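Chain nomenclature is as follows: A, B, C and D, assigned in order of appearance, with residue numbering initiated at 1 for each chain independently.
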Amino acid sequence: MTLPTPLTGVVPPVCTPLTPDHEVDTASLTRLVDHLVAGGVDALFVLGSSSEAAYLPDRHRRTVLDTVVGHVAGQLPVLAGAIDMTTPRVLDHARTALTAGADAIVATAPFYTRTHPAEITRHFRLLAERCEAPLFAYDLPVSVHSKLDADLVLDLAADGVLAGLKDSSGDEGNFREVILGKRGRAPGFSALTGSELTVDSALAMGADGVVPGLGNVDPDGYVRLYRHCRNGDRAAARAEQERLCALFGMVAVGPQDRMGRSSSGLGAFKAALHLRGVIDCPRTAEPQIPLSAEEAGRVGKYLTAAGLL
Amino acid sequence: MTLPTPLTGVVPPVCTPLTPDHEVDTASLTRLVDHLVAGGVDALFVLGSSSEAAYLPDRHRRTVLDTVVGHVAGQLPVLAGAIDMTTPRVLDHARTALTAGADAIVATAPFYTRTHPAEITRHFRLLAERCEAPLFAYDLPVSVHSKLDADLVLDLAADGVLAGLKDSSGDEGNFREVILGKRGRAPGFSALTGSELTVDSALAMGADGVVPGLGNVDPDGYVRLYRHCRNGDRAAARAEQERLCALFGMVAVGPQDRMGRSSSGLGAFKAALHLRGVIDCPRTAEPQIPLSAEEAGRVGKYLTAAGLL
Amino acid sequence: MTLPTPLTGVVPPVCTPLTPDHEVDTASLTRLVDHLVAGGVDALFVLGSSSEAAYLPDRHRRTVLDTVVGHVAGQLPVLAGAIDMTTPRVLDHARTALTAGADAIVATAPFYTRTHPAEITRHFRLLAERCEAPLFAYDLPVSVHSKLDADLVLDLAADGVLAGLKDSSGDEGNFREVILGKRGRAPGFSALTGSELTVDSALAMGADGVVPGLGNVDPDGYVRLYRHCRNGDRAAARAEQERLCALFGMVAVGPQDRMGRSSSGLGAFKAALHLRGVIDCPRTAEPQIPLSAEEAGRVGKYLTAAGLL
Amino acid sequence: MTLPTPLTGVVPPVCTPLTPDHEVDTASLTRLVDHLVAGGVDALFVLGSSSEAAYLPDRHRRTVLDTVVGHVAGQLPVLAGAIDMTTPRVLDHARTALTAGADAIVATAPFYTRTHPAEITRHFRLLAERCEAPLFAYDLPVSVHSKLDADLVLDLAADGVLAGLKDSSGDEGNFREVILGKRGRAPGFSALTGSELTVDSALAMGADGVVPGLGNVDPDGYVRLYRHCRNGDRAAARAEQERLCALFGMVAVGPQDRMGRSSSGLGAFKAALHLRGVIDCPRTAEPQIPLSAEEAGRVGKYLTAAGLL
């Protein structure tokens, strides 16, 4: 299907449920998609960071694509991450995703390599040239170890190379430069924030949409938040956002002397989906450290406090 | 074939020649292998950073493995990089490499993800458990954005998880802790330096071998250097090393306002191999920036000065 | 004078005008203070990053303190940066500032040293214990190379150690956690954003005030912005903020192949103050690179576009 | 006194003993100087990182200078760190040190500020221009967050701006480029390594001397090591170096979940000096975390194992 220009609204990065023996749990994945669609989201983003794409072997990535694209069946656009180190490898993932029926591709700057801005620009230009689909840049310096500057993004947007940006950099100043700059230069460009905590702010600045990992757990909350913002009901938006900020506290249940932030944050999202009955098993991919029963139990308290359990 | 314990000597990380239309140039790759074997190297390391593994799609990686393993035909051990973000993805590459006949696997800590030491340890333990082959850890903080501490490496060595370390961190103090620590705890463990510039020092400290990218260009030089060190001829070793240090200056021919360090360094190695008649085409993988004719010409001057042209 | 709890409003970090021979230009500094007070600001922050505190020798710091505190004469609170590497050195600056009549102290975490969170906490506790004045933490990871986590800040706020936070980290998610957390735990704590570009957002989230470097150039603009936010006039706030975002573009007039971001940004602020007739000389402290005449001229275009020239 | 060109040998960075109430313990400092001189060192470096210069207020820095310069009384050259953020502040420290009788100044690149290579070059040129004394660059990226590239150092050496380099970067490849480059361009330039663990290597490469923090604890060991290297007795040098590597293990006695690496490393050096009877009190400056009695006790075991207790 053709993507709206710009793409707007709530676009959750869909978690990838796993079975106890580390296969993709397609039944749980289908239920998760239903849970998100029922929540009123505007599109789905598969194979991003919250999907544990970095941990999924290629056959799992294909299973995710086939399952989600097949189940959604054109009701909503499906964006697919093509997360890999450099242009040729990203292209392979992009082609697989487009063949499977994805509607757009999301790609980061090169990583692992020591990358120069001229190489980042060349990377996105080559991707766009060779993919017959809208291309979104994914700005995630904590993983990619380079930052997409507003000027670089806007030049690529103005040239039609990029259809949008998913900004998970946390750098709201730079993101605002993109939002302001696109007005004159690329009005159909979609500026999406990856933040869970500043969605009301980002939308007030003029962001088109939001890609919140926590949206897996509470899609209804983010959809309400988006609608309050669009309706100009700032007080209701802020209240909803603050409820979601409190809920987001769950990402820190795993202690830093025992595990990394991915283990803790993705473990918490999956524990929450499990506790809410959406997925069968809260397992995260290897080599992440699983949450203990006590830590998973604390996730439940966040759900209860947010009225979700 | 069974790897010596420890693996010693010169183990060049084999460059991957490409054709003008970005396919693996297997004829040039075979010639490069012959050039290295003729130089007297002790083993080959394919699909590492100098091989542009980060840029090679899976089918190129398989072509490299098949070409090199097939051509070497058991004369020398072949170590294969399994460069990817996390355990499940690394495992897929490792299995492909072992099926193709590689003798050992080289893997980094997880990257792209936000990784904790407990997850790095778990990663290597899971890899070793599931691969029937010696496993080398690859310490490359400039790419992986975490450092393998000596204690972590030594614990894994003592437990038989790791067969060796390729240390490209540049942190010679930490590397020496590994060298000293392995004596009592894991004498068969192979401590290899990835440095081009401090090989004589590393061997004098007790390193077992060297994995120099510049060894593609001048394998004879590194083999001579290694032999001088083993024979205790320090003066000859130092002279040879200093000649190689001067030659290494080629990696900076590409200006930093136009390209990154990979483009410049790998571009220089390939330009040198092209000028020496070993490979047909100096092209680097996308999105790297090619050297200009003038910059490639300056590579020639380094070769001439080192007596290689 | 006693600081309001919380301190609210616009608190510009006062630039330090220099003479052509690198002395503090006290006449220009006095005019700058008048310009800020006339703009309606709520307090002044001297000897912060925008003041080039890192470049000022102690006798210049004292001159700044004496000049500003003397000239303000109690009309407004004056906060003083005590920018140095560790507790004993910060304490010396803090005592000097308090003796000169400053109303509060602003200090970063230790820097240059390799610092642990336990040492950061101990640092702020020791400072508070030994200074008879409100203590603000200054979160500036780009300079200090550590980040003040919300939990650390909130614990110190709840214990009465910190009177406030100047958050120049750009991490709005973490800042929001501070804003939300202080409600129950430390209602008199002052959460100030150091951003120039997201002031409307920060205030909408519940921030108490703003410390914008660009407020030197256009204090009236930030004061209007603050008032629109307090009055709930979001449309007017956003329009004012967007005008200021465009004006902020001046910080990039200095090209990155010739100078660092401090040289360019502080050079632009001083060029603007010079062009507006507030200060006599746009010189920045050594070893910063001066803007060229052409670059300074481009600053003028930003002023004109913003209606300030 | 006039410094040799190049300065060679062992130049320990002198620790700063403190009293229980955080004053400089001049009696202990004098004994420490005697202990170093008795060990046969070639010069002293005061007010560097191992001296806790970052923690010493200006009056303590002056006390250290006066005590050491006075006590040494011209027997040995005294180099003085002028550790501060930028040119004007470094200059103040440099002038104080020269007035006190120091023979040379040691300064880092600017820190805290966001610094460009052009600004680093300008910084050292301005310092040299305004100080009538030899100027050493101090490369310490872990503190300064920028790296001094070999080309930058060599250009400044060739122009007579820099008299030497103290390289504590751990990047031996870059250090070797300096060593090789200075031969033709600046033969009187002094290339000193700050490493404790690779002194034999550095000297074998052609380094002129060594500035080891651990040299406070065991100056005799480093002096023997230096002499073995100069005499070409590689086996003895390596044995001595390996004994010192084992001794250096003491820096990790402080656990990383409780303190930073400065607290642990400097705490261990001072505990060792206290146990050896050189200084009266092992206290480190605030806000460092003190070692526990058990941790200090483990330092004693390292001393015993190295034959120092």
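As a working rule, a residue touches a chain if its C-beta (ideal position, glycine included) is under 8 Å from a C-beta of that chain, and two chains touch if they have at least 3 such contacts.
The shown structure was predicted, so the numbers you read here are calculated from the model rather than taken from an experiment.
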| item | value |
| --- | --- |
| Required steps from subunit A to subunit D (each step between touching chains, minimum) | 2 |
| Chain-contact steps, minimal, separating subunit C from subunit A | 1 |
| Turn needed to bring subunit C onto subunit D - CA fit, degrees, nearest 5 | 180 |
| Same-residue or different-residue interface between subunit A and subunit B, half as cut-off | same |
| Furthest chain, CA centroid comparison against subunit A | D |
| Whole-Å separation of chain centres (CA-atom averages), subunit B against subunit D | 34 |
| Subunit B and subunit C: spacing of chain centres that average the CA atoms, whole Å | 48 |
| Of all residues in subunit B, the ones touching two or more other chains | none |
| Category of the chain touch graph - line, ring, star, complete, other | ring |
| Listing of all chain pairs that touch each other, if any do | A-B, A-C, B-D, C-D |
| Sites on subunit B touched by subunit D in the complex | 170-173, 176-177, 180, 195-198, 200-201, 204-205, 234, 238, 242, 245-246 |
| Contacting residues of subunit C [partner subunit D, same complex] | 22, 54-58, 60, 83, 85-89, 91-92, 110-116, 118-120, 122-123, 126, 142-145, 256, 258-263, 285-289 |
